[in-house]
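Quick notes on the structure that follows.
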Amino acid sequence: MTTTDEIATATAAAPVPAAQEFFTPRGTGWRWVRELPLVPLAILVPFILIAILANFIAPYDPTEPIPGAKIFEPPFWMQGGSTRALLGTDFQARDVLSRLIFGARVSLIVGVVGTIVAGSLGTALGILSGYLGGWVDQLIMRVTDAWLALPALVFAIFLATVVGPSMWNIIIILGLVYWTRYTRVIRGEVLSLREREFVKLAEIAGGSRTRIILRHILPNVMNSAMVLASLTIGVVIIAEASLSFLGIGVPAPQPAWGSMLSDGRSMMMVGDWWLTVFPGLCILLVVLATQLLGDWLRVRLDPQLRNM
Amino acid sequence: MSGNTFRSAPAMLRRKIGWVKAVDGVNFAIHPAETLGLIGESGCGKTTTSKLILLQEIPTGGTIRYDGEEVCGLKGPELMRYRREVQVVFQDPYSSLSPRMRVGDIIAEPLEIHTDLSREARRQRVAEVLEMVGLSPEVARLFPHEFSGGQRQRIAIARALATDTRLIVLDEPVSALDVSIRAQIMNQLEQLQQSLAVSYLFIGHDLATVAHISHRIAVMYLGQIVELAHSLELCAKPLHPYTQALFTAALPSHPDQRHEKLAVTGEVPSALDPPSGCRFHPRCPHAMPRCAREAPLRKEVAPYHAVACHLY
Amino acid sequence: MAQLLRVSDLRTHYFSFGGARVVKAVDGISFTLNEGETIGLVGESGCGKTTTCLSVVGLLPPAARIVGGGIEFAGEELTTKRPREMRRIRGRRIAMILQDPMASLNPLFSIYTQVAEPAFYHLGTRGRSLRQRVQELLRAVRISSPTVRMREYPHQMSGGMRQRVVGAIAMAGGPKLIIADEPTTNLDVTIQAQYLDVLKEIQQASGVALIFVTHNLGIVAKMCDKMAVMYAGKIVEQGAVRDLFRAAKHPYTQALLGSMPKLGTKEPLYAIPGQPPNLAQLPSGCAFHPRCARAMTQCQTQQPDDRRIAENWVAKCWLVDHQAKEQYVSAIA
């Protein structure tokens, strides 16, 4: 008797979504594409494409000197430069442009994967801490506090010196350094989620703790985790650049923006600005873009995080 | 006849300052295919009672028996059986459904936990149960936020029925709904009881609503049941002064209805420091000296009508 | 009794998405209220009753605007007033009581400060007479030992008491009209009864008119002289409370009355099928027709306007015409 009424009104009446869903259900279509933020994506998407297609678009091998080029050639629009090396060459006559392109790869991979490592570790610990409570919570919180007391970069340097630099080591190190940001925030969310009725319902139904965590808690903290992740990518990228700058990041001759900065530092004094300005500009743009993206995500996804 | 008996004596929740006797000597039974209404105001202990039944709190004393067997301390398969047969529907339709799960998955969850039905069998059961509550099986793929409050409550009820439920604790299930939807849900609940022989513990604060759907009603005040009777009998002859106050305070259903002045004044005292003797005596218009000294025992004063008051 | 408030064909719309989406929250309502009278504004969520109240006191959110109609209060037109003038009216001549007392009271100020505020600003009362006034007001809302209580803070009081303090604040400026928006929804049953008694006493003592917004017909039966039933932004029936309870003419009113459980009987409840409408996508014709048990073809295409049933009793329903015709036919047969 009421069945057809219910369905008629359920599907005919426009559904009003309560909060913006990050994982939009298949029903709502592609409307959300129109609302994407232009500026951050306009910066990031090209960088990502460049990083992926580096092998195809870089004019030269970034680790080998350009045959027949001089060292410290300036960019092509300046006197002494040529279109052979569009943005100039460095102290080993390697093409700056190619090194920038391959460097994007390093920065972005380290940034993204490092953030994923940090995020997964931090979220997992935050969930366990918040949901299980008791001594698990105490233990994890004390570890987090202790970790937070260590200066991040110094700790990273220490670890890097101990295990030796390589791209994957750096990723893991950065993951280990930055997980604490997630744990506290996620723990807070889980504490309030735990009291929500649908979690209680699952408990009453007899759900095991694993089940509740995986099916109820985790999906509902993903929003916050994503926002946090987008905000920390920038931090991780800068951390990687700093490590490279200090010489303990990705080892030479593999190009990385940070090490390019370090190499070119001394030549700033004699006016060879292109060795530092371009890599610096790249770092600036990518980090700015990720921060803007994170901001947009934050406002969009979770009203509670707006005040963070 | 096997019934579901819940008998729990003092259950005290420990606070740092003292003992809050949230539920203090509560005694009642629910029979198969029956609705027991639990009515009372804030602080009366009805929420704690429901938590005790759902094993979300541990009673400090007393017993809760289900099908004749003690429920607290159950573990393993017996605990799972209890959890399979006793479900709950909460008040707020907007927070009781997991926002990121599809409706079909939400309803199937008890099935996943308790049975090893195949995915197809689960889907069928979900469709069955959705139809029972008046929703089309196609809604299973939608998310909760696409539904209105009344529809969400139906989904919650469907979930409660997914396994072979025999008792549903309904904690103010219609209070948060629009008036025109309330009747829909109430009728639906009654229908389901008739066809499935499921029992309800219906907790509410609106006398008319509780009286309408319940077979028997238990009136709670400050952690104790002060009166327990068949619904119509209670409406015809409320005996305990507090029950009488609830009836006087109840809103009329017609402007011509005569209403007397409310003889009861003041507010419900804190459960931290309940009055001595009969807990209602400070506010009772018929209080006698005996009421402050001695707590009255519950006596059956008429067939199926028990009251805890020194007046009887 | 002099006429105090006359709302004529009020229209308040909400504009969102830069004007692309218009929600007609209030779409042409008219009612009058005399001094000392109580009118119940009844309806479910989304029907427009709160928007109506906000329109009267001029506290609409930025997205909403009064787009048509008039609100005449004590001879003055409120829709054209400037914000400064409205500020002088709010609290002094029209007061509002809201649903959640904890949200209405400032946790940082004492009860005295908050109850005294309207009298202080609007009436210029000071010093000892101000203190006396506050005590009088607290006593009027049946708060015992007002001298002690007024030094307390909101968190020290229970819900029922807080709501009574809100009532005292409303009365402090000596208003002629109080708008109470679901003031008892969060209160216990016995506390609600006490509170409604207090409101009635205040009304009888001071002759203030009351607009009582609620979804609970029981409150209307107890408190109000007349009632207006709202649905989808329109008043579908209005008249004396007795008349409507006895023989409501609009199917929605009848359905609401039929869906109330009544104490002492297990009569089956009439369940209105379907859901309250989405204001952004209203059905054509009469907004209630998809859920109406007696909808006719006319109802699907033509929106009914006010059909007069008796003096002061109108309903927006085509059935009224039919019934009148039937009565006429049977009268001459």
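As written, the chains take the letters A, B and C, and residue 1 is the first residue of each chain.
One rule holds in what follows: a residue touches a chain if its C-beta (ideal position, glycine included) is under 8 Å from a C-beta of that chain, and two chains touch if they have at least 3 such contacts.
Fair warning: this is a prediction, and the values are worked out from it, not measured in the lab.
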{"item": "Chain whose mean Cα position lies farthest from chain A", "value": "C"}
{"item": "Leading chain pair when contacts are tallied as C-beta pairs", "value": "B-C"}
{"item": "Whole-Å separation of chain centres (CA-atom averages), chain A against chain C", "value": "53"}
{"item": "Chain centre separation (chain B, chain C; CA means) in Å", "value": "32"}
{"item": "Separation of mean Cα positions, chain B and chain A [Å, integer]", "value": "50"}
{"item": "Chain C: positions in contact with at least two other chains", "value": "271, 273, 275"}
{"item": "Multi-chain contact residues (two or more partners), chain B", "value": "148, 151, 184"}
{"item": "In chain A, residues with contacts to at least two other chains", "value": "1-2, 6, 10, 16"}
{"item": "Contact footprint of chain A on chain B as seen in their complex", "value": "54-56, 79-80, 83-84, 87-88, 90, 92, 94-102, 109-110, 113-114, 131, 134-136, 138-139, 142-143, 145-148, 151, 156, 159, 184"}
{"item": "Residue ranges of chain A touching chain B (in the complex, touch as defined)", "value": "1-3, 6-7, 10, 15-18, 21, 23, 25, 27, 196-208, 211, 215-216, 219-220"}
{"item": "Chain B-facing residues of chain C, complex", "value": "44-45, 158-161, 188-194, 197, 215-219, 221-222, 241-242, 245, 255-256, 258-264, 266, 268-273, 275-276"}
{"item": "Of all residues in chain B, those that touch chain C in their complex", "value": "41-42, 148, 150-151, 178-184, 186-187, 205-209, 211-213, 231-232, 235-236, 245-257, 259, 261-262, 264-265, 267-268"}
